[in-house]
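Presented sequentially are two complexes of subunit A, the first with subunit B as partner and the second with subunit C.
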Partner chain A sequence: MGKKIKKENLKKLFEDISKEYKVIAPVKREDDYVLMEVKDFSQVALDYPTTVLPPKKFLLPYKDTIFAFDGGEFKETIPEEKIAFFGLHLCDVNAIGRLDLVFWNDPYYRARRDKMLVVGISCKPSESCFCKSTGANVLTNACDLYLKAEGDSYVGFSMTEKGRKLLSQLYFGPETVEEREVRVEYEEKIPLDIYKIGKRILEDYNNPIWEETAKKCLACTNCTLVCPLCYCYDVIDETFVVPNEGQRVRCWDSCLLLSFARVAGGHNFRKDLKARYRNVYTHKFKTFVDEFGVPSCVGCGRCVTFCPADIDLRENLSKLGGV
Partner chain B sequence: MKPKVAIFDLTDCEGCEVQIVNSKFIDRVLGGVEFVHFRLGQRVNRWEEFDVAFIEGAVITSHELELVKKIREHSKIVVALGSCACFGGIAAISNFMDIKEAKRYVYGENADKIETLYIKPLPEIIKVDFMIRGCPIVPEDFERVVSDLFAGRIPREHTRPVCMDCKSKGNPCQLLKNVPCAGPVTYGGCGAPCPSAGMPCDGCRGPLEEPQMSAELELLKKIASKDDIVRLFRKYAPMAPLFKDVGGEKL
Partner chain C sequence: MENIYKPFKSKILKVTEQTYDTKVFRLEVKDFKYMPGQFVELSIPGIGEAPISITSSPHEEGYIDLCVRRIGNVTNALHRMKAGDYVWIRGPYGVGFPFETIKGRDIVYVAGGIGMAPLRSSLNYVLHNRKDFGKVTVLYGARTPADLLFKEEFDRWAKECNFLVTVDSDKLPDGKPSGWKGNIGVVTTLFAKLNYPIKDAIGIVCGPPVMYKFVIQEFKKAGMPESSIYVSLERHMKCGVGKCQHCQINNRYCCLDGPVFNYAEVKQLPESI
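This part shows the complex of A and B:
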């Protein structure tokens, strides 16, 4: 059940949320869009293709201090900030839902997540989108409130108690809109049978695409950094010149790096880029599916859009599927 | 007893030493070590047995060649400081030119009186235990190496390309704008100051371990002229492994 809100009233909704939360929203930069803290509603881009970095940058920051130590004292740093995302597309919303599957019992993630508000907004799928193939085009309760564009209004759908509270505000109209299921529908450029392809990865382990892609790939790690679901990290102890003062940080890592699967003694389980590149797919579309029932991919298309070497994950997947 | 530390500079701009002074932990460094030789930082210097000697700059004269050998003999640990020491730096661009002409261009009619050696990176002249890369270095790298040495650990190498520093900040990709950028093959950890200011990475920190050099060059050939590519890799780390081949027009 949804309730209408006029476009001009979104500002009131935004301001209400701002009273309680630090609001993160898409903002236009020169040629692209970024998620950043927004204090004024006029900065928010309601209509945008995608942002460079996904919401994970606020849930699992690039460099996150786990604890600090000073002399004999250890101090755990549990985040206290209340963050609200305002205007996430369904792919990014569902990416948070899938991160929950992995990090629900992680105290640093959970502290941020429990205090978080997620407001989604409808999108216009672009050429690189494939959320339908990954099942991330459907509204789920990872979203507190979803705003679906309809003419000069939006219809608000609440999925949680936090969302229902907002929906009861007066700037939402009294009349209700019935909708059994909210989903994004469009024609995908390269439709994929993700679950079937996932199984093929291990069955057809030496498919030539890995070799071909590894020749082109720069191993720049951009695809994994812009991915809303690539969450691999490294843990580093930093001392501040003197050995008894410093911090332990959790820092983004990437399985495309040579150092990623190197272990004590120098052995490396994935010495070739070919093996590392295949690992991205194996994890996303096979082992993650085995563990959680969904792929660790929401089809946001960032890896396609932001790859400088022009590698298209969908093309590789469709070749694997024998389509 | 505090570790005895020396900082020497050869032919260079001294920018890396300035970065050391810029470190937000410089007080702790000063409190933790005894600088017995630091020409830029203090008036009175002396030669002793050094626990750690940092050498900044390129070896361009035979005097400097003798000096670095002497430093090595007197030091337990030698750290190459900055890309001039690690990879020859800007001065080593002359390695790729007709040296007589280059000298005439720089020094005019007195060129013949000025000595200029073929510039080798420090690790090709003496044994170097660690390198702190960059033009200039970032203070964080100096702090990290000093922290590790203080704690008795082997300083940890960065294993990430500059792209990781760059994308973690959400910067737009220079390569996607068709601007030749060395980020994917360059040793990261710098915090990507150049791409963050809208400029491409010039590869000043030299190559990452096993970079995808041929993929990078294939891509660059699509968006840049051969001259531009050669200049990009010849600029700040011209004598670094792999980069020196591109600088030498083998691409």
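This part shows the complex of A and C:
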């Protein structure tokens, strides 16, 4: 059941949330949209394609201190910040839901997540979108409050207690809207049978697409950086003047990098780019599905948009599926 | 909430020089339960963290031994440390050798180089519980006589099991003669010296990546089914808890599902061996 809110009242909702949270929202920056801290509602882009970086930027920051050491002792550095996302598309909301599956017992992720508010908003799917194929086009309880555009107003749907509290505020109208399931519907450019294709990856391990794509791929890692569900990381100790004073940080890594599967002594289990490129797919559509029942892909299309070599993940997947 | 990444402080009780590049570090631990084949994450603040297999046997209490070759940042820093210094560890992690399956069976261990470290844990555990197991053979190969680890235990092992050693070359790493009188050749040449059938035994392999397929060929030639072969695999397990993805082998994690794998299962996995 939803409740209507007029577009001009979104400012009140935003300001209400701002009182309690540091608000992260999509903002126009030159030709792109980015997720960043917003203090004034007028900066928020309500109608936007996709942000360059996904919400993982705030949940698993690029460089995240996990321990400080001072004379040797390891001291936890648990984040205290209360973050609210204002205006995430369903793909990004569901990416958070899927990150929850991996990082629920991670104290740093969990501290941020427990204190977090997620407000989702309607989107207009673009050519590169394929959230339907990945099952990420449906509203789930990873979202506290979802704002569905309807004419020049919105309908708010609450999925959690935090969302219900906001929905009970006066800037939401009294009239209710019945809707059993909220989902994004559209025609996908390349519809995919993701689960079937995922199974094919190990069965058809030497499919020529890996060799072909490796010839085009620059191993620049753009696709894994912008992916809302590429979460692999490296851990580095940073020191100041004396070696045992400093911090342990984890930072984004990429399985496309040559050093990723290298072991002590120099042997590299994925020396060829072909093997590394295939690994992105294996993890997303086979390993993660085996582990958690869903792919670690929400079809946001960022990897398609930001590939400098014009590689389209969907085309590769559809070739793998024999479609 | 429990911090799964937080290491605890552990005192270095003893450092034993094994070879020119390998030392054994004895670390103090309390109530630390583990099985042979498992590993720990070892931290030196400011240097980093590295996965290291445990080389002592669970029947030894109050400490664990780590056999460490000087090869990266953490291991080089560790080699500069001495008894009385402190390191930080967390673990144990991973799945070790399946003793519920191995119990009562003959065992053939094949170790190459530093691969002896995790196998020694299993071997000493088996020899400590000798009556629970059948015939035990160890085939151990190293590059040169100067690379052989745990030489002080050779006599005991030779008494308690069928222990065979070989070196790839009898010259020392600097090219000088060593006076070695034993076997020369890669570890697989030792299979010819086995004077009893091993087809019903459990085969256990750990060594450099190149070694596995040749050893497995020998096991299969001897009639051993693939499901009787266990391999301890090497990967860089950075987090130890199935998150960082560095040790992923297709849809398995070396840190959670391994490092000890059954060969019949792992051979389906490309890139595993």
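Odds and ends about this structure:
Criterion: the second predicted complex is superposed on the first by the 319 of 323 C-alpha atoms of A that agree within 3 Å, B and C clash if a C-alpha of one lies under 4 Å from a C-alpha of the other, contacts with A are read in each partner's own complex, and residues count from 1 in each chain.
Please note the rule applied: contacts are C-beta pairs under 8 Å (C-beta built on N, C-alpha and C of every residue); 3 or more make two chains touch, one makes a residue touch a chain.
Computed from a predicted structure; not experimentally measured.
Superposition of the two structures on subunit A leaves subunit B and subunit C fitting side by side, clash-free. The partner of subunit A that touches more of its residues, comparing subunit B with subunit C, is C. Using the contact criterion defined above for the overlaid structures, shared-chain residue A:243 touches subunit B and also reaches subunit C.
Residue contacts after overlaying the shared chain place A:270 against subunit C, while subunit B stays out of touching range. Contacts of A:28 after superposition: neither subunit B nor subunit C is touched.
In the superposition on chain A, no contact is made by A:124 with either subunit B or subunit C.
Taking the Cα centre of subunit A as vertex, the centres of subunit B and subunit C in the superposed model span 70°, given to the nearest 10.
Of the two partner chains placed by superposition, only subunit B is touched by A:62; subunit C is not. In the superposed pair of complexes, A:221 makes contact with subunit B only, with no contact to subunit C. Of the two partner chains, subunit C is the only one that A:232 touches; subunit B does not reach it.
With both structures placed on the common chain, the touch criterion links A:257 to subunit B but leaves subunit C unconnected. After superposing the two complexes on their shared chain, the closest approach between C-alpha atoms of subunit B and subunit C is 5 Å. Once both structures are placed on chain A, subunit A residues 239, 242-243, 246 are touched by subunit B and, in the other complex, by subunit C. The part of subunit B that touches subunit A in the complex is made up of residues 25, 28-29, 32, 143-144, 146-148, 150-151, 159-161, 163-164, 167-168, 170-173, 175-177, 183-185, 209-212, 214-216, 218-219. Interface of subunit A with subunit C (complex): residues 66-67, 69, 72-74, 76, 102-103, 105-107, 110-111, 202, 205, 231-237, 239, 242-246, 248, 250, 253, 255, 260-265, 267, 269-270, 275, 279, 282-283, 286-287, 290-291.
Interface of subunit A with subunit B (complex): residues 29-32, 34, 52-53, 57, 62, 215-222, 225-226, 238-243, 246, 252, 254, 257-259, 273, 306, 308-309.
By the touch criterion stated above, subunit C contacts subunit A in their complex at residues 1-7, 9, 43, 45-50, 69, 71-72, 75, 86, 88, 208-209, 234-236, 238-239, 243-246, 248-251, 268-271.
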